[in-house]
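Labels for the chains are A, B, C and D, by order of writing; each one numbers its residues from 1.
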């Protein structure tokens, strides 16, 4: 059982089938094909709002192309210091935006809090061209520490952004897990809450390699497409990106996959708690940050479980990530066996 | 029959099978998997030289990441004015290199000629920091106009590069077609001729979306990997890139596919000549640039052939591109029918 | 007599006096001083149009900051291949604009011609995100080869720009020489002809180191100021830039200086023609490109004249640049002596 | 009495004379003149080490060009969060370096501490291409909060840099004030302590607009000169930069000026303490950060003193900056008057 990350998973059967279905016959390149043509409409339906959809192969590309449409090269992007864009994407944000600066903040479970954000923006003295003006706030849903923003929390952040005239970007590499956890409509935690652009992740949740840039302001489309091309992210056989995305949202596959991951996380959390584990973050999605007695961690690894130490949360801290293909019954069976010693 | 481009083709069966084979079970992300681990060795064997292999999803990424390891932000890149990097990749070169400048030249069939290149480099007055110093020469094999450099031609360019202390880069989006046409060893037209880095294309020739950056100087690996990450081109499920590449070079699939494309081009050229066509470029690979009587072009389109007008070569000029899946028998059968009127 | 360039000259007395006048007493930094406060008004009067004035220390900064307000990182800038931004500013344009591409053209005396420009823009096929879209046209007045655009010529270029919806930028490193040669109002060859931004040069014509970015669209001011700061071109003791500029336009000093340079060029041209020289460019400003018998060139150098060979115009081609401090009487006296043998 | 900043000051008489001396006669441009030719030697003498000197007009340019020679576009720069490069130079660092990231730390008086730095570098987990690798440490001497590193403190930081293989950069916008305060040889707190490059400030301390990039590793010269040109910081009339610098270091003018500023700060500190002020930072150079009873601050402003509130240090915090032209006798006379009520 591999809980190292959700990107260790293979492609899920439905998306594999969609890719295979594209392996017959020719089709126009660069998005001129029939499947690519359906995406804007399909996602507009999904979000109950007109959107522009720009598929790319990686989360870094989705995040940074999105940000490059929202901020100037002179601007700042407020984010949590644990944010993927701040900690895990090298210098990609500066590269794509032409130099914009990340302005990291703190907050529980890697979440920004509206009140803290408001204070920060309030207190930030504008020293004209000398200082960097925050132009955008970036949040992650669900967060890098497994936190899930509630509808109200995002709406509150959206209100602060509106009040201070900042754009709001959401890194949704695990957006599906958040929606599944909240049992909400995707609109509730995006455009209705003030989100301007979203990285709608699919790779970790069953796709081969595709993330959709969702622009709730469709006037940003051209800029995003230009940025995609010049950064080498426009695939010639674009239909293979489109096919993954189309299959991913058909019949709520994205939510089905995410629910399995979330439920597996719950089952695993129960198992680990029984073994003396103590949750470090109150997460609701598919990542567990937990402290374990070292001997327990060792025993689990002996049983074949793969998971990471997470030293930034303490010396006995570990991370377990479940996924669309986590075998819940096997987790529960293991729990039973462990209880029986 | 679709001759619009070779990127209208689907994934070929062998590569599809390799992708499908990765759709079972988990595997480490970001290149930590078993297939990714084989690439350096496999390509070193293929090229008979130790190489570093960096897979990415697009030709633009392969070209521009390669170039970013070879030139400084202050440097120049000599290329043909028809080069893909000059004409078809937006401002990607400047974006990836931090500002390096393309210095376009002329030459037949979109090929640079060693003598002209030498004169150009000789005549270019070095005005210190004011002018841009060429640091790299970039050639395309086969070229954007279907030209194929002979071994001797590339070696001569390599000599000029060595004499003037310039790096030599090869855009090999259609490298397979060139090798198949020349019936040479891939080493003969790359490192043995002085090529420092190569974009080894696979997408147009049967893959889903993968091109391999081949670094003949392995000390460039770290820079290339850093550039890949910050530009969002490091795929988490890296094994899917690796699996495509591994299948692509196994049992000479890449050459088998390219040979079909090249032979289809020959068959198509014969057909078009019989219909009054006149080849505009003496190509040997899978692209035909041909002038046709307009009524012939119309008649072919009525028969369902898809191909582009190519106004830069004249008002009656057209481009036909064949591919790994072009049906040579069908082309010949069509030829027969056309002759019969 | 030094005709190597007009930037070999010292500061002229009036501007030296203005600098010295600032060497008493403290004053607010970064443009908060009294002299800086006068610039917008003074230049608006000069141009008979509301302008934003952004002083910087060099022509490269003035040109590139201006361009960065007019083009996107994905855009193209049409210019003459002899343009300073293309030939003499390293990779500065890409650096300041975030990657915009220069699209060089030909034309006599380093001037663009409206008809050729129109054909070029007309013929340029828009291939969407793949190709670079020209967003701006850049001309130099007077040109790098001493050419001077007439009012009608610039107006015609401005019309083409308007027709094709392109911005128009003017590099006016030697703007004063052009205005003096044309005996026109500065408005006639700038905003009235469609120019959006101008580098108004002063350094070559008597200043220590200052060029004014003149924005005829004052809404570009903030972007220009942000670009100036981040590129390190906002001087803390800004009053010293402002004082130079204020003195430069007071009592038409800029035109007085330019007229001396232009008249000196005429006197020098007469002298050189008498010595067998043949003007290669029909210039009207302060640069002469002339072919000379080699022995004449040698003789002049023996007499202490300093000037450059100009091999791009031929093996016997030379450039002579006159300036605000060229001694016309001395030139004429030399002419007399040379005629006397 | 203006204590708003040291950049409100005019040019000092000696440097004014040096500028005026260049206002006669022509001289080669772009550093080809006689004065420019003396700089490398003069500064090598001053630092008792072979150096390359690259003069520019602003501190931002000096800092960022220096950093661009020390770090890659993928790298990180550790600095104090109060550092000028972090707080006061917009997004210049990313602009000049092509995307390098600032990694801010804390420390007293805006100083980094060797032990904290060592812990930081030690604890920073290397996650390969995903994370940003610190390549350089940047310190300011004297600091933005008036702190002065002792020789031992800098040497300790230099040792940490050597141990972790990081470059060490010093922003010396107020380097003269630090050397004057420490009464040390400039070598002691630069190359002898491991500093690789230094911004040697002159503008705040009596020059018009010049800072010297001092490269203790002269192999960095070419990169710095290329970066200077492309960023528009190579002045054509370079002799005016050179003349300022030559005069600035002749006969220890730079130290004479700095000593006046430092002594004025001491006199002012005494005055303010007598008026109920409490120093917030234990500075030794020319900046005072002090808390004052609000009514005292108001009274001083009534007397014509100009100084800034400094809210980041508290609601009653103020900054006073003295300079080369501060009138110490006048400060003492004011102190006397104030004591007399």
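Everything that follows uses one rule, which is that a residue touches a chain if its C-beta (ideal position, glycine included) is under 8 Å from a C-beta of that chain, and two chains touch if they have at least 3 such contacts.
Here is each chain with its UniProt name: A, B, C, D = Threonine aldolase.
Treat the numbers as computed from the prediction; the structure is a model and nothing was measured.
The most distant chain from chain C, with centres taken as the mean of CA atoms, is A. Between chain B and chain C, two chains of identical sequence, the interface residue sets overlap for the most part, with shared numbers making up over half of the total. Computed centre separation for the pair chain B/chain C is 43 angstrom, with centres defined by C-alpha atoms. Chain A and chain C have centres, each the mean of its CA atoms, that are 51 Å apart.
Centroids of chain C and chain D (each the mean of its C-alpha atoms) stand 34 Å apart. Within chain B, the positions touching two or more other chains are listed as 73-74, 89-91, 95, 98-99, 129-130, 226, 229-230, 234.
The touching residues of chain C, counted against chain A in their complex, run 72-74, 98-99, 129-130, 225-230, 234.
Residues 2, 4-5, 7-11, 13, 16, 19-20, 22-30, 56-62, 64-65, 89-92, 95-96, 203-204, 208-209, 226, 229-237, 240, 325 of chain D are the ones that touch chain C when the two sit in their complex.
Residues of chain D that touch chain A in their complex: 73-75, 87-91, 94-95, 98-102, 125, 127, 129-132, 311.
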